[in-house]
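Which chain is which? They are A, B and C, in the order written, and residues in each are numbered from 1.
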Amino acid sequence: MSDGSAVAIEVHDLGVSYHHKPVLWAVDCDISAGEITAIVGPNGAGKSTLLKSILGFLPLSSGYVKIHGRPASEVANKIAYVPQREEVDWDFPITVHEVVMMSRYSKLKFFQRASKEDRRQVEDALRTVEMWDYSKRQISDLSCGQQQRVFLARALAQQASIYLLDEPFAGIDIKTEKSMLKVFEDLAASGATVVCVHHDLNTVSTYFDSALLLNVRKIAFGPASTVLSQENILKAYSGRPQVLTEVGERLRARKFQKREG
Amino acid sequence: MEASVFLQESIEFWTFRDPAASWVLLASVLLGGIAGAVGCITFLQKRSLIGDALAHSALPGVTTGFILFSSRDPLFVYIGAILSCLLAAFCIVSMKAKTKIKDDSALAIVLSVFFAIGVFQLTIIQKNPLAAQAGIENLLFGKAAAMTKDDIKVLAGVSFLVFSFLVIFYQKIKILIFDSAYFQARGLGRMSIFGISLGENFFQKLLWLLIVVTIITGLQLAGVVLVAAMVLTPAAASRFWSNSLLRMFYVSALFGSISGALGAYISYLSPAMPTGPWMVVVASFIFFISAVFAPRHGYLSRILGRIRLKTQTREENILRTLFKIGEEEPEECPSIAWSQVARIRDLQMSRLKKSMSELAKQGFLFLDGEECRLSPTGLARAVQLTRFHRLWELYLTQEIKAPADHVHEDAEEVEHVITSEIESSILESLKDIESDPHGRPIPEKLEIED
Amino acid sequence: MGLELSDNTWLFLIASLVGISCSQVGCFLVLRRLSMLGDAISHTVLLGIVLAFLITSSLSPVFMIPGAIIAGLATAFLSGAISRAGLISGDAGIGIVFTCFFALGIILLSYFAGDTHIDLDCVLYGELLFSPMDTIEWRGEDIGPRAFWSLLLVVILNSLFIFIGFRSLKFSAFDPIVARTQGVKVKLWHYLLMAAVSITTVVNIESVGAILVVAMLAVPANIALLLSKRLLDMLVLSSLLGVASAIGGITLSERADSSPSASVAIFAGLILLLVIFLKKFFSRAGLAAD
């Protein structure tokens, strides 16, 4: 584990393109271990893209991401990821227990059954999010907040050092929100790094230690209270700079060999 | 087949001397045309496989009609087929909306169960010796050669209706495809006749009817599985040739018609060959050609573009490197050894040589043995590229707050795409343009004197 | 030890094996939202069979099955490649590839019609009815229909495949991204599944025809999806539903004197309809069974 202020995630000059069109420009930030960090920005700002590139599954057009000084692909099972609600098939026939058990599988060999230790970790994780009583339920039978907690439990059971969550508070009640936040705080206190994509500007400075304000490029990064200045917010939410959009379009057009004009 | 026979038959076919063959040709062209045009709608609505499902679902309508009325009258066949296709469409839509069953499963379920009902009834009909089942059998695999004059009259009528519908409602279809939420919000689906309202989503229902009618018409020619291709493949092929909906309609209808004509032609030359499958193979071939060779969107043009891009980038980089080396020397445009450029740009000598001679041909360089020198036009271009490079670095550090040591990589790419308009918007947002983040001067634009 | 069972019993057994083998792979197709790829593959194996025959001039399964697997994998791969290239989205790739392969299959078949013994009608809506008559011998004894033994082999192979790959298949279907962080080879399992679908399809088509295969791939698995809360339940339940449709359908076909294949598919459809209505009824009555 890393000591208090060590850099857990180093994002260096990160650029990402979809179909040759840049969606992230030169993002730089060093996210510290033991902190809860928010990624904030308007729709289409590239928040989920940033999270997925930290996870190491997106081709980067420039820069790199390092997790504790190593490429993400080498430490994939040290990173726990909670996808956005919309990306999950909630009708899938799978129980709460099975979902959480999924996080233990990289530790199992081919054909090896889950050990007592695995079961204990799964139980611990489910108890932490107060979902142990529901472990035999199918995920489609749960409420929104319960579903989010199950996915959080899966991340916990992975015993990761980095936690990446895409909009964990979307569509849940305030009580669940508070209890999940408590879990994040405990994780951070134990030296883990928590990064959430977040959409509620009002709660950023109370919930998070630091924040990254993003809109295609980095607007500001630092302690949550200072990042969300009036000026920064205005800059992030007043649309993308014309220059970036135009250059992005031309880069894409060049790759597809379109005529000018 | 001997060449002379082949030629003679080809001439006979294309000069419409053989009336029967001409009817088949006409039918195939019409069918290919309407299927191609209507296919654009389902293709763009991302319902590409609906044609497959609906084509299979027509069968029970036909067989039920036959059992109830013991008639092969095309009218009964049509009405029965339309009703069962509409029922199938309803099942697909409501299964997806009201149960956990997903889109693709709903299609597969409806397709197989409806078709099974048809086959079930067919095996019963076949037991009836009086039943002339030929008409129904043709539905399964299609038989263009068996089309009667009546069938063709129906086809011509349907084609007319379909094309008129597309022309009249082009604007509505366009909005529905590109922004269905807006379409709903504006209530554009509402229609009325003589002041009688026909319901909220009447237009969408009408569109379903259009698709169903097209597919059923196509069944007789192409058969159950292959009519699905006629409402999909030409539309997909046309996507490579067009960016606008109207053009896509034209191109797709054209591709459909060509497939129809060639399918009919091949089966005329060799009567053992079925028309439907050949139509599909021709359409698939057109798709393949489009995907590979179409200008701009085709695979080959993208690969060539990428190669051209690389060469161009390499040439521009060489110009810029020559400028940068010269920048540090007192003399304007000194002679520079090739090997120095190769070292800085990390280029293979053979590649460098090729780019150098290309640049010299374009008048950007003077070559002199193993050395080279920028020409005035070359200098102007190199200055422009360097200016763009450094302006972009400055923009990234000032506007995006990127650290100075990170911006070079990005500028290496962007310098090649900046236009003078972009340059002026960059200049507007920058405060201080004395030097780039690394302290090097940003060169002023050079005017070339002739 | 001659196996002396009546044709009717064999018919039930064969139809049940069809139901089981198809729903085994069908469950994963449904969960991966690839049901239509199942439909596509069940048509393109025709091309594989015809090509294998034209190359080897033999209708032996030793050549037909590899032919079918290649055609099936080619369908899966090409349709994926078309949609990955951009411009052509989603299902369109599947539709373009399978109709093309199918048309080529029919053309080859009609060109060499005299030489092949492949009957197109038979491939498309098959004749379950005749499959008990095509028997094989072992050590000089008649041990029953060939279709029964080949389907049994498929069921065993599928069971082994699912047993070995259960975890990987489950999680690459449920959450491919996290599955990858856990070291699951998502792509490899995708193509293994496609190979399993191809084998299942070709052996089934030979005995029952394409239309029943498509129905059995999609219908029992979807009924099971509506009723089960775990993947294991879904697999077991859909196999049972496959058997139930087989028994019900064949009984129906005897009564109506009609195609057994079609009847089995219809019976499966009826069960689905019943389940949907019962579920709606119970949930409306507020009695939703847990």
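In this text, a contact is a pair of C-beta atoms (placed from the backbone, for glycine too) under 8 Å apart; a residue touches a chain by one contact, two chains touch by 3 or more.
Predicted model, so just to flag it, every value in this text is computed and none were measured.
Engineer: Please identify which chain has its centre, taken as the mean of its CA atoms, farthest from the centre of chain A.
Structural biologist: Greatest centre separation from chain A goes to chain C.
Engineer: By number of C-beta pairs in contact, which chain pair leads?
Structural biologist: Highest contact count belongs to chains B-C.
Engineer: Between chain B and chain C, tell me the centre distance in angstrom, where each centre is the average of that chain's C-alpha atoms.
Structural biologist: 32
Engineer: Roughly how many whole angstrom separate the Cα centroids of chain A and chain C?
Structural biologist: 39
Engineer: Quick check: how many Å separate the C-alpha centres of chain A and chain B?
Structural biologist: Going by mean C-alpha positions, chain A sits 36 Å from chain B.
Engineer: Of all the residues in chain B, which ones touch at least 2 other chains?
Structural biologist: If we look for residues of chain B contacting two or more partner chains, we find 100, 102, 297.
Engineer: List, in ascending order, every residue of chain A touching at least 2 other chains.
Structural biologist: 91, 140
Engineer: Identify all positions of chain C at which a residue touches two or more other chains, and write them in rising order.
Structural biologist: 225
Engineer: Can you list the residues on chain C that touch chain A in the complex?
Structural biologist: Going by the criterion above, the answer is residues 31, 86, 164, 167, 170-171, 173-175, 177-184, 225, 228-231, 233-234, 290.
Engineer: Can you tell me which positions in chain B touch chain A when the two form their complex?
Structural biologist: Spelled out, the residues of chain B in touch with chain A are 100, 102, 296-297, 301-302, 304-306, 308-309, 395-396, 399-403, 406-407, 409-410, 413-414, 416-419, 421-422, 425-426, 429.
Engineer: Give the list of chain A residues in touch with chain C in this complex.
Structural biologist: Residue positions touching the partner: 19, 52, 55, 57, 76-77, 79, 81, 83, 88-89, 91-95, 98-99, 102-103, 105-106, 111, 137-138, 140-141, 154.
Engineer: Under the stated contact criterion, what part of chain A meets chain B in this complex?
Structural biologist: Interface residues on chain A, with respect to chain B: 12-13, 15, 25-26, 28, 62-63, 91, 140, 217-218, 220, 241-243, 246-247, 250-251, 254-258, 260.
Engineer: Looking at the complex, which residues from chain B come into contact with chain C?
Structural biologist: 43, 46, 48-49, 51-52, 95, 98-105, 107-109, 111-113, 115-124, 127, 140-141, 225-226, 228-229, 232-233, 236, 239-240, 272-274, 276-278, 280-281, 284, 287, 291, 297, 299
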